[in-house]
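Paired with subunit B in one complex and with subunit C in the other, subunit A is shared by the two complexes that follow.
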Partner chain A sequence: MTTAPLSRRGFLAGLGGLGVAGILGACATGSDDTSGTASSTLTLQSSLSDADPKAALTKVVEGYTKNKVTLNTIAIETFRAQLPTYLNSGNPPDVLTWYAGSVARDYASKGFLLDVSDLWTGSGPCAGFSPALKELSTADGKQIFVPTNYYWWGVFYRKSAFQEWGVQVPTTWDEFIQVCKTIKSKGVAPISMGTGSTPWVASGWFDYLDLRINGAEFHRDLLAGKHPFDGPEVKAVMDHYRQLVEYIDPKGRSYSWQDAVTPLNSKKAGMYLIGAFITSAVPADGVDDLDFFRVPIIDPSVPVAEEAPTDGYFASAKSKNVSGAKDLLAYLAAPQSQQQFIQLSKSSNLPTSQQVDTSTFSPLVQKGIKLLNDSKAITQFFNRDSSDELQTTADTALTKFLDRPGDVNKILTEWQANAKKVFGQ
Partner chain B sequence: MTTVAAPRGRRDRQRAVPAVVWLFLLIPALVEIGMVFWPALNSFYLSLTKWNGLGAAQPVGLDNFRDLFSDDVFRGALKNNVIWAIGFGGLSVLGGLGLALALNKPRRGVGLYRSAIYLPMVFSLAVTGLFWRVQYQPDGTINTLLGAVGLSGLEKQWLADPDTALYAVLVAAVWRQVGYVMVLYLAGLKSTDPTLDDASAVDGAGAWQRFRYVTWPQLKGVNTVVFAVTVIDSLRTFDIVWAMTQGGPYHSSELLSTYMFQQGFTFLNLGYASAIAVVIFALALVFIITYLIRATKEEAS
Partner chain C sequence: MTAATLTRPASEQTAETPANRKRRRWVFHAVMAPLTLLWVAPMIFVLVLAFRSFDDIAQNGTAAWPSSFTFQGFKTALGTGAMGRALWISIQVTVPAVLLSLLLASWAAYALSRYAVPGRRIILLTMLAGNLLPPQILLIPVSRVMESLGIYDTLVALVAIHVGFGLGFYTFVLHGFMRSIPSELTEAARIDGAGPVQIYARIIMPLCRPSLAALGALATTWIFNDLIWAITVLRTEAKLPVTAALLNLQGGYVSNWNVVAAASVVAAIPTAIVFFAFQRHFVSGLLMGSTK
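This part shows the complex of A and B:
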């Protein structure tokens, strides 16, 4: 009880101040030119609010000594909604975490992102990154993104379960359907998929079937609105998807993606097409038994493409300390920082730098690296290749399709109409 | 004496409002204007624009409202809101009133029952949503219970089935609200005159007649409060739907508020979202004003 009680006058003055600030701040549509003073302290705005990644980034940032850095961690939903405001404000955060792909390009086209092309040339920290990553980080001929880690998608299963059921890893579509049949005959749901509170999971199979049947280029164009969702190509995709419906665990409709890992773990479900982040939802003793295979090839003439959602950083074009922001980006992209972050965050993410020593990473991660190295094209994921709004049209269409596969034509027509509205804006 | 005292008393009262009181009133008024009315007015303006949070908002006239009424999701949400208002309002008022009548008379353990029924109100809506989501899981309590009593034919994926999702959420919301309405009515019943009840009982009125013609008219004041609270609560329902279904599966449990949130904060269509907000505001206003006019008319007559 040593603190002096808040004086009433001070309290009222504060309230009055709040009121005035409210009035000033409430000019919702005005440009907010806050009187930001240039300072040497850099702000890093982070959406990594889960405990492990947050702790990992905090540790990595602590190792940066050249400038003072303030790390602001914000819950991802808020971060997503506020991102345009951050970038557009008069005194924006210098460096921000986000995804590569269409969202970053969209901001770049509005002039919000700092041109970081010099980090990608000469002896810059990103110069050694793969051409696919460079292309992904490029907008209008300039690099505006610094990718620091990415992950792969695959059909995950338990090795011991496959052994028990006597099934082999399939490589073609027909083999895959055969595996589904065998697993189903054992009274086990062949495919787990949590589309309840995370309906976007249903886009995983959609993306992959489109990549396997129509290829990566068509897929990207489809998500950019250059092809219709009710055309013959997407119908072919849905024909294949329909063959899977009877093998998908119907209870998955009530599950989130995390919930749907439980049946896989307890061998009540056989396989799960999901990102490498699945390892965070598997108990520690189950990770060693976990393995994955590439989504089976359907048309061998289509170049193999994989989804590899890429995370990283961009800097604000209005940063008051451009050289400091670039220096921080360079630090975050350096091999040591990447390695430290991946290990501390306990994820199965892959480093973008080829100089990171991956020999200490788990065999599963090594296999993931190989999977991506063997693929001819890389896509991000439905929402990252399009927008969150188009993702919602996919969620509606695909969850409805899982309930009523017979209505596929009607559903695709609706999907196209909804997608058109999104692209029309 | 009294003729002299009266004007002096008035002058005293006038002098009794010193400047500092106006200052005290001014500060909350400023806070209210700055943080409530001004942003609210802004959302009216925004509803006539197209704005994604970047740069200046583009005025588009009434386009947002035209789009709204050709938007299937919005129309579905509006219909769901009507179902919600009737279901949520009706069930929680009937349930609350019934419980209040049952638990009004003091008897052994009645306090325990009252607290138990009021308890869900203490939890936040998000927690209530999570709790019920577990009950509704495919292998959750409800399906297990149905199976145990031989009704496994009725087992459903309550939240994943577009035919049941909205009602499943409704049950959870009513479960929470009913205790609140009960407490309001218990307070109302406390202010009724028990001698009237006794007198009518002596005159030979049955239980229903005593309630309908003696107790109910005395609850008029509470009814106004309950009605206003229920309409406002049902129109602003958001958290519990968001926690349980997020408006899914495929918009079948979408309410105006969840759709507004999605448009505004997930898609950043702030103009369109503001238009939905204006519709919600107009609906609430229409309900409340109609009711208040009716209530004052009844009082006057």
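This part shows the complex of A and C:
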């Protein structure tokens, strides 16, 4: 009798152990064929989950033969949330796609990013990039980012629609308001803006009005916490924003930015301030009819600034294969890779390398290049010039403002309080 | 007043004519039919969306009357969307996780319900309490644990997580069910010379089949539909299960709603099959606690 419980337990434990080992073992052998070779294979973690850019990057990576590369594409919002985990893990991906500017610097300050300064000197692939790009990719005197393409923002409209309504492209603020009035009188919403599931779109107008009224330098300082959001400068910005509110399609409050393109396509809305990526949300036959103009000048004495968010790659500081990661970065930054990527992704992005032949790009893209070349200063975008945390405060404030423009003073005070918390961290 | 209300039920009972009953049924249908329509509308909406073309959706919006019919959405979802591979991964995760968690839970429930394990009430309540914790607050600790175990970014990690998180609830349900099996049955078996393992395998398990089937169906849907753990512990695209692959179809800039809708339809098929196959057990299994 005394041996019975012992043997029972022993038997159960043995059975349990066998079962677990067997089943887990079966899983392990079924799934580790890629992780087993991870040390010699480079991992490229990509957030480009849109169909065309994804296919383009796959093609570009296929052309890289020096090392084996595994391309992992993860949906952008998941990628954004998981990025700190990726970089902080014991065996991080070697190369990752992300944004230049404050966001990259933020990770660099935590020691997550590989110093790639040698790619920027001598005959390195980034040596020929513009000084502005170099400055953008620098943190604490070291280059930690490899920019490969960027895009512009503008007020997009349909040429045929403007003809129908008999309006001309405005260049000053008063002309712009006049155009809004005319379009509204035709029973069409003058401005489309999808701030439902993508509230950051509302920051587009905020950024531009601030750039036009207070200039790029003030804007950067504001986003760095050096000026208050409830000061007279931002109040002036919001006064102009308030003039726009009555012309913004109220339905946009429940749309994502993509959904808000549909009214523009079907001529139920007139204009849309958005990035050049809009071309991927327009049906094939509508792209030729699409055009854009520079956000109108408000104060001619302020140097013209434009938003040109820059995308590219950085490498993880803990990469097991540093020379391989740098080699892959160099390949991705090379002019032919840039050109191949931009053309295959059917995007309207611009190459960072000056050696890329842009003469074959569409007229719209040519116009975009000219727009940026004519600008005195370049900014990224609200979140890229600050942080994702500060973007959240902007989303809250601007969403409230669009609902109740009359409460602007209260909203700005709240915004400043929230921003203080972000900077206080 | 009181007299009137008291007499009414009596008069109503006598007036329960077939015509009256028919009218009541008519009212029932008149109310329930629109509710049913409302209930299935989103599914029909997704199904219609899956067969529309991208240009049609971009031009007219997602809510417009369809003006195109194409299988392109399904083609893209199964082709570049790699829904086929993701489905296979999901099966590789779901099947071992369900089998293993039910096996372990049945052992635990058997021991806790048939033997005087010291502190079994506390063990059971602790297991259940663990289930009340929202998984969101455990995301980072769990991913760190997986990292230190060296199984981060493997399907083993995902299976282990699902087994671990499901175990408490399954044990609790099975424990309740096993306790309702009369002890005379097991005593009789013991008199006949059956050991604990034999009693477990030949008496308890066959009797638990309905609850195991119900839990199996529940566990399959839960694990199959899980997204949060998949995107927490996996980062290699080729290892993503169907839910995470579905999320990947939605880009930051463009959303090909027809592809997303088609992929959702594909992803819903396995759980629908499991649900219909176990439907009977599912309903009786959900009632299990209430009859006890």
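The rule we apply is simple: the second predicted complex is superposed on the first by the 386 of 425 C-alpha atoms of A that agree within 3 Å, B and C clash if a C-alpha of one lies under 4 Å from a C-alpha of the other, contacts with A are read in each partner's own complex, and residues count from 1 in each chain.
Basically, a residue touches a chain if its C-beta (ideal position, glycine included) is under 8 Å from a C-beta of that chain, and two chains touch if they have at least 3 such contacts.
Quick caveat, the model's predicted, so the values are computed rather than measured.
Chemist: Does subunit B (first) or subunit C (second) touch A:121, or do both, or does neither?
Modeler: A:121 sits against neither subunit B nor subunit C.
Chemist: So, does A:396 touch the first partner subunit B, the second partner subunit C, both, or neither?
Modeler: first
Chemist: Quick check for you: in the superposed arrangement, does A:85 touch first (subunit B), second (subunit C), both or neither?
Modeler: In the superposition, A:85 touches subunit B and subunit C alike.
Chemist: Just subunit B (first), just subunit C (second), both, or neither: which does A:49 touch?
Modeler: The answer is second: A:49 touches subunit C but not subunit B.
Chemist: Please indicate which partner A:281 is in contact with in the superposed arrangement: first for subunit B, second for subunit C, both, or neither.
Modeler: A:281: touches subunit C, not subunit B.
Chemist: Using the touch criterion from the header, give the chain among subunit B and subunit C with more contacted residues in subunit A.
Modeler: For subunit A, the partner with the higher number of touched residues is C.
Chemist: Could you say whether A:73 touches subunit B, subunit C, both of them, or neither, answering first, second, both or neither?
Modeler: The answer is second: A:73 touches subunit C but not subunit B.
Chemist: Under the stated touch criterion, which partner chain does A:258 make contact with: subunit B (first), subunit C (second), both, or neither?
Modeler: Touch status of A:258: second partner only.
Chemist: Of all the subunit A residues, which ones make contact with subunit B and with subunit C?
Modeler: Shared contact residues on subunit A (touching subunit B in one complex, subunit C in the other): 12, 16, 19-20, 23, 26, 28, 31, 77, 85.
Chemist: Help me check something: in the complex, which residues belonging to subunit A touch subunit B?
Modeler: Contact set of subunit A toward subunit B: 12, 15-16, 18-23, 26, 28-29, 31, 77, 80-81, 84-85, 87-88, 110, 196-197, 199, 250-251, 253-254, 387-389, 392, 395-397, 399-400, 403, 425.
Chemist: Show which residues of subunit A lie in contact with subunit C when the two form their complex.
Modeler: Touch list, subunit A to subunit C: 4, 8, 11-12, 16, 19-20, 23-24, 26-28, 30-32, 34-35, 43, 45, 47-55, 70-78, 82, 85-86, 89-91, 93, 256, 258-259, 261-262, 265-266, 277, 280-286.
Chemist: Note which residues of subunit B are touching subunit A in the complex, please.
Modeler: Result: residues 27-28, 30-31, 33-35, 38-39, 42, 45-46, 49-57, 136-139, 157-160, 162, 245-246, 248-251, 262, 265-269 of subunit B touch subunit A.
Chemist: For a test of understanding, state which residues of subunit C touch subunit A in their complex under the given definition.
Modeler: Contacts found on subunit C: 54-55, 58-62, 76, 80, 92, 96, 99-100, 103-104, 107, 140, 143, 147, 152-156, 159-160, 195-197, 231-232, 235-239, 244, 247-256, 259.
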